[in-house]
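Heads up, the thing below is written out as structure tokens.
Per-chain numbering from 1; labels A, B, C and D assigned in written order.
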Amino acid sequence: MSQAIVNGILTGGLYAAFGIGLSLIYGVTRVISAVHGAFIVIGAYLAQSAWMAFGLDPFLMVPVLLVIGFGLGYGVQRLFIDKVMRRRVVMTITLTFGLDLIAVTGILLVFGADLRTISVPYASVGFDVLGARIPLVRLGIFAVAVILALGLELILRRTQIGTTIRAVSQNRTAAELLGIDTGHAFGMAHGLAAAVACGAGALLALIQPLQPFMGLSVLLIAFAVVVLAGFGSIAPVLISGMILGLTENLAGLYIGTEYQRLAIFVAYLAVASILPAGLFGRRFYAH
Amino acid sequence: MPDALLDTAGLVTGYGQLPVLQDIDLRIVPGELVGLVGPNGAGKTTLLQAIVGLLPAWHGSVSFAGQDVTRWDARRRARAGISLVAEGRQLFAGLTVRENLTLAATATGNAVEENLERVLALFPELERLLGRVSGTMSGGEQQMCAIGRGLMCRPSLLMIDELSLGLAPVVVDRLVHALSQIHQTMGITIIFVEQDVDLAMDTADRVVLLGMGRVVMDAPAPAVRARRTELEHTFLGLPIDGQTVDVIAEA
Amino acid sequence: MTTPPERSTRRPWPVLTPAVLIMLVVLVVVLIALPWVLSNFWLRVATSALVFAALALSLNVIMGLAGYPALGNIVFFGVGAYVSGLAAANLGLPAPVAILLGAVGAAIYALIASRAMLSLRGSYFLMATVALNFLTLELIVVLRGLTRGARGVTIPPLVTGDPSTVYDTFYFLFLGLVAVGAVVLIVLRRSRLGLGLLAIKGNEDAASMLGVPTFRYKAIAWALSAGLAGAVGATHAYWIGFIDPGSSFDLIMSLEVFLIALLGGPLLVIGPIIGAFTFEVAGVIAWASFTEAHLAVLGVLMVIVVTYLPGGLPELPTRIRGIVARRRGTHGRSARAA
Amino acid sequence: MRDARRHGVSGIATAALVGVLAAAVSLPAVAQSPAVGDPIRIGASLALTGDAAPDSKLVRDGYDFWAETVNAGGGIVVDGVARPIELVIRDDGSDRDQAARLVENLIAEEDVDFLLAPWGSGNTNAVAPIAERYQKLMVAPLAASDEIWEQGYRYLFGVLPIGSTNMRPLVPMVQDLGLTRVGVVTTDDLFPLLAAEGVSQQAKDAGLEVVVDEIYPPGTIDVGSLITRIQEAAPEALAAPVDVADALVLLRQMKERDYLPPILAFSGATLVPDFLSNAGADAEGLFGITYWSPALPYADALFGSAADYAAAFEARFGYAPTHDNVAASISGYALQRGIETAGSLDTTAVRDGMLSLDETTVFGQMAFDERGVNTGVTTYVVQIQDGTPVIVSPADAAAAAPLWPIPGWSER
């Protein structure tokens, strides 16, 4: 039991890191970005490559990935999404899924179909608390995920660009009237979201063998996280991630491991239909 | 006659396929305080949107401070000094008053502190509201914040849509007072849209009356007051024959 | 000088004008004649096109008419396949009964899901349909006592004989389903229900205030959509001869259907048919030339359609004319609506 | 020039082979230097992209290796004419419909003479009816689903035994070691389920206690609960017939938890290069299942001994072959032997030829029953000892004794 809770929370942190960017993009641009999973996978592959080439620890790679992810997100927003952002969701989802397919193919062509993993020397290090084992790697992943989340929150709350992003998400016309470059602001928002996604990829690479087509399952987790969190600010996303992690682990322990994934989708649909606004309300930074 | 601050020539625009403004010629010189009046659907808001660049001109041109800005987008015009306090105030409801004000200054590349002082001097009420989330304030407070935000952009032309709509008389008095302060002490040219014709005539130096997307009357406030009856015709939607319009327009 | 933006996104819904009628007749004749003209390979391509056309028609019932972006609608294809497949493999029911059961089963499944999901709108509905698809997939996998789970189900053949007989049979079966889909859409479009659905698409709250029983209408539309998708899935199960969870609830296939519906643009009936054939032929070419990157080709197509052809194929002539005109040097800025 | 070199190389190889294999049934084509004829076109739809791409790559390399080896020797001699092999491989992107369509195209438009199957039971299931409809022979390297072989397909052959038998040899080994408590965990996938059911049943039949029997979703990121369940049940031997990615996840998270059962056996995954390169030192001591090892005393006229096959394959592709590679090569070879026995390319004749085979290949014994299943294959338990897979069971083939318990994480 205590082990399942520890696992659930630690993995939940990672799930939250998958979902945060998606939540931010939707909150600001009202676009469900299906290319988000690809950002995570790209981050994972880059972290793995750095590990292979230079022996660089994935945790140390995170800052680099933040920069790369930012560039990717900014570019995707300005080059593609900007043009169709205000259309119906049918259009934006098709566009982003199209981008996802292109990205996945790119990953396949660049990195090949072979499995790739990272095996850090401290993989078996851990300590026991109250009868539950806490692996150091997992703790590190959780910590970095939380730091990424809080960092994003800080940027949105405390910086000039954060204020601009929130302003643009609330009233685009007014922002234009003030001379705000809204396209740039949307780009920044998507950039920040993709940065977190790319960074989270390094964390994923620490526990999961990499395959080019793994993006979809990651994307589904991100969907579930944001549906639970309701596109609010960052804290609900963190909590939702952990709820999912716990759901999965407790279902695995008490109902049976084969129901683990089913439990996630049941939680996802149950919350979506009973509480359409998510567990925490749906307004984006509207206090 | 001084150079025009704003000059629209043969301006035509509208929404979708539907033209709203027909051939608008409007010339405003620096330092004017202009009230824009007209019945619902006459095109007042549309005109402001065309001036500020939210609607592209189909025909005709818009010049501002000697430059042809017809092709400029709203952002560029804002930076050039046109500020619009739009209908419904359009505050960033989730942001605090301070954030709303600060953002306006930084977005247009203006200093924050100096302009904030200027706005707070004009609306001391905002001082204690700086930390409030703007969406939670009263209508009057929101309008002050909106006007203040417009001023943070350091405009040379400030346009206010629906100055008094839905506000209590005491608040309206307060805003009218502020308006003349902005006009006189800051020397900013102002166009404001007002439903209440009498209020517009009392406040403005010059009144422009729009009807069916055209300028029906454009005259100094006292001259307009003298033609109150014709004004009422327009507001009631009665047609005014072309000749009369021309006479009035020339006045 | 700029003129008013010429791109009007809100076209009036096309009705049965003589031109459309002639197009329809030509299309029907061509579709019926195809098996006599095509080689078995191309007949298989055409059959796939019909499968996609039927699915896109079914999607149009809920998406085209009611405006509900059911991205995960492939779930009903899968449910239809499983209901009929299990009925045939385990109970030994004859194919027509099994296929009918598949359709009914999928429709009932939609009605059950509608209670929970049709109150969601836009992106939320979209994501919920995706979740429903994967939830159902997991259910099929977990209930392996009933469904054989990940092992899949082998379906007894519907017809035996030489390849041509088999292909002709399935071609006409799917053509029949396309016809059913077309009739359903045309009848709906002209009925009160259809009007109600279009009202819901325009503005659901307003429709509700005007007395349109929005929930009931949406539920009926979704059940019809699901029933048709279920019938396609059921027939497809016989066509392939083997079903398993992964390929019966395949999100990529759902995306392809989505894209085809978009290609059809505002032409609710003819659009998906032309879109599906265009898509399939393009697909064959793409597979031949970009084996490694064929998914990227699909992706590029999706990006292009959304970015440059949001009105679908019907918009293509106008677009091309626009590009040609620009090339000819109406230099000056393009008519870009800000 | 190129041809001359080929002949030269294969000439040496042939000479060596003739010496080693006195009992070789047929002499390689080049020895007789027959006239060179049109190629025999053999089609295959493979998942070069998509989910099944890593597995399919092994199959593709196996096919290529067979075709290249045959062609290096001049080709298959049919009616006195040496016919080279031309493989026509298409990518189905792991998509069932696409696989079906591609096979249709291979038969109807590309006019191939024979077919080799895609990787896996799912896609084989999808294309088998088409091959059947056109009466094209198809040989499947890796279609272990029991059910496929109950469909009465006349033109489908498979070189591997059916999946449910896969992990069974583990049971006698565990018994020999005097252990009684076993566990089985697997993912919810076609082959893993079959293998798990098979070994679980076998263990119960043998009187062992199955203390944990779990299924979990493939691709699960967090298998913490599964490990907790295993830990609580404390099996002495754990069989986990899961694919490479899932095996890596399970192993990694056991390591994080500092847990390892005394005996841990994956199925074929243990021997896949992808697994070994990624698991590195963590693979030490793990058990696995194979149908083949380069150390086995198998040989045939085409490939030479198992060791020869391994050496030549590694020289060509840069990694040591697994039974997946060899099974793919042998699929081609089975077809080749069918053709050679029949002396023609006629489907019925080749089918009869294949059914009549009963001979040793580099893959072991090869003999097909009426269903088309190869009944000659022996299954071995291997263990990674000092970084190398060695056969540890059954005893008569064992190169070493099984070492257990596997050293714990802290003892490495």
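We adopt the following convention: a residue touches a chain if its C-beta (ideal position, glycine included) is under 8 Å from a C-beta of that chain, and two chains touch if they have at least 3 such contacts.
Nothing here was measured: the structure is a model prediction, and the numbers come from that model.
Enquirer: Identify the chains in contact with chain A as well as chain D, in label order.
Expert: Common neighbours, chain A/chain D: C.
Enquirer: Taking each chain's centre as the mean of its CA atoms, which one is most distant from chain D?
Expert: Result for max centroid distance from chain D is chain B.
Enquirer: Name the most central chain, where centre means the mean of Cα atoms.
Expert: Answer by centroid distance: A.
Enquirer: From the C-alpha centre of chain B to that of chain C, how far is it in Å?
Expert: 50
Enquirer: For chain C and chain D, what's the span in angstrom between their mean Cα positions?
Expert: Whole-Å distance between the two chain centres: 39.
Enquirer: Can you give the whole-Å distance between the Cα centres of chain B and chain D?
Expert: A distance of 79 Å separates the two centres.
Enquirer: So the centre of each chain is just the mean of its C-alpha atoms; given that, what is the distance between chain A and chain B in Å?
Expert: Using C-alpha averages as centres, the distance is 44 Å.
Enquirer: At which residue positions does chain B touch at least two other chains?
Expert: 73
Enquirer: Scan chain A for residues touching two or more other chains and write them down.
Expert: In chain A, the residues touching two or more other chains are 105, 108, 258, 261.
Enquirer: If I count partner chains per residue in chain D, which residues reach a count of at least 2?
Expert: If we look for residues of chain D contacting two or more partner chains, we find 49-50, 188, 217.
Enquirer: Tell me, which parts of chain C touch chain D in their complex?
Expert: Touch residues, chain C against chain D: 39-41, 44-45, 48, 138, 141-142, 144, 149-152, 154, 157, 162-163, 166, 240-242, 244, 246-247, 250, 252, 287, 291-292, 294-295.
Enquirer: Going by the contact rule set out above, which residues of chain D touch chain A in the complex?
Expert: Going through chain D, the ones touching chain A are 49-51, 53-54, 57, 185, 188, 214-217, 219-226, 228-229, 244-245, 248-249, 252-253, 255-258, 274-275, 278-280, 282, 409-410.
Enquirer: Tell me, which parts of chain C touch chain A in their complex?
Expert: Where chain C meets chain A, its residues are 63, 67, 69, 71, 115-117, 119-120, 122-124, 126-128, 130-132, 134-135, 138-139, 141-142, 251, 255, 258-259, 262, 292-293, 295-296, 298-303, 305-307, 310.
Enquirer: Would you pull the chain D residues touching chain C in the complex into a rising list?
Expert: Touch list, chain D to chain C: 48-50, 90-91, 93, 95-98, 100-102, 104-105, 108-109, 121-122, 125-126, 129-130, 133-134, 145, 147-148, 151, 188-190, 193-194, 217.
Enquirer: For a test of understanding, state which residues of chain B touch chain A in their complex under the given definition.
Expert: Counting only chain B, the residues touching chain A are 52, 54, 73-76, 78-79, 83-84, 86, 90-95, 99-100, 102-104, 106-109, 133, 135-136, 149, 153.
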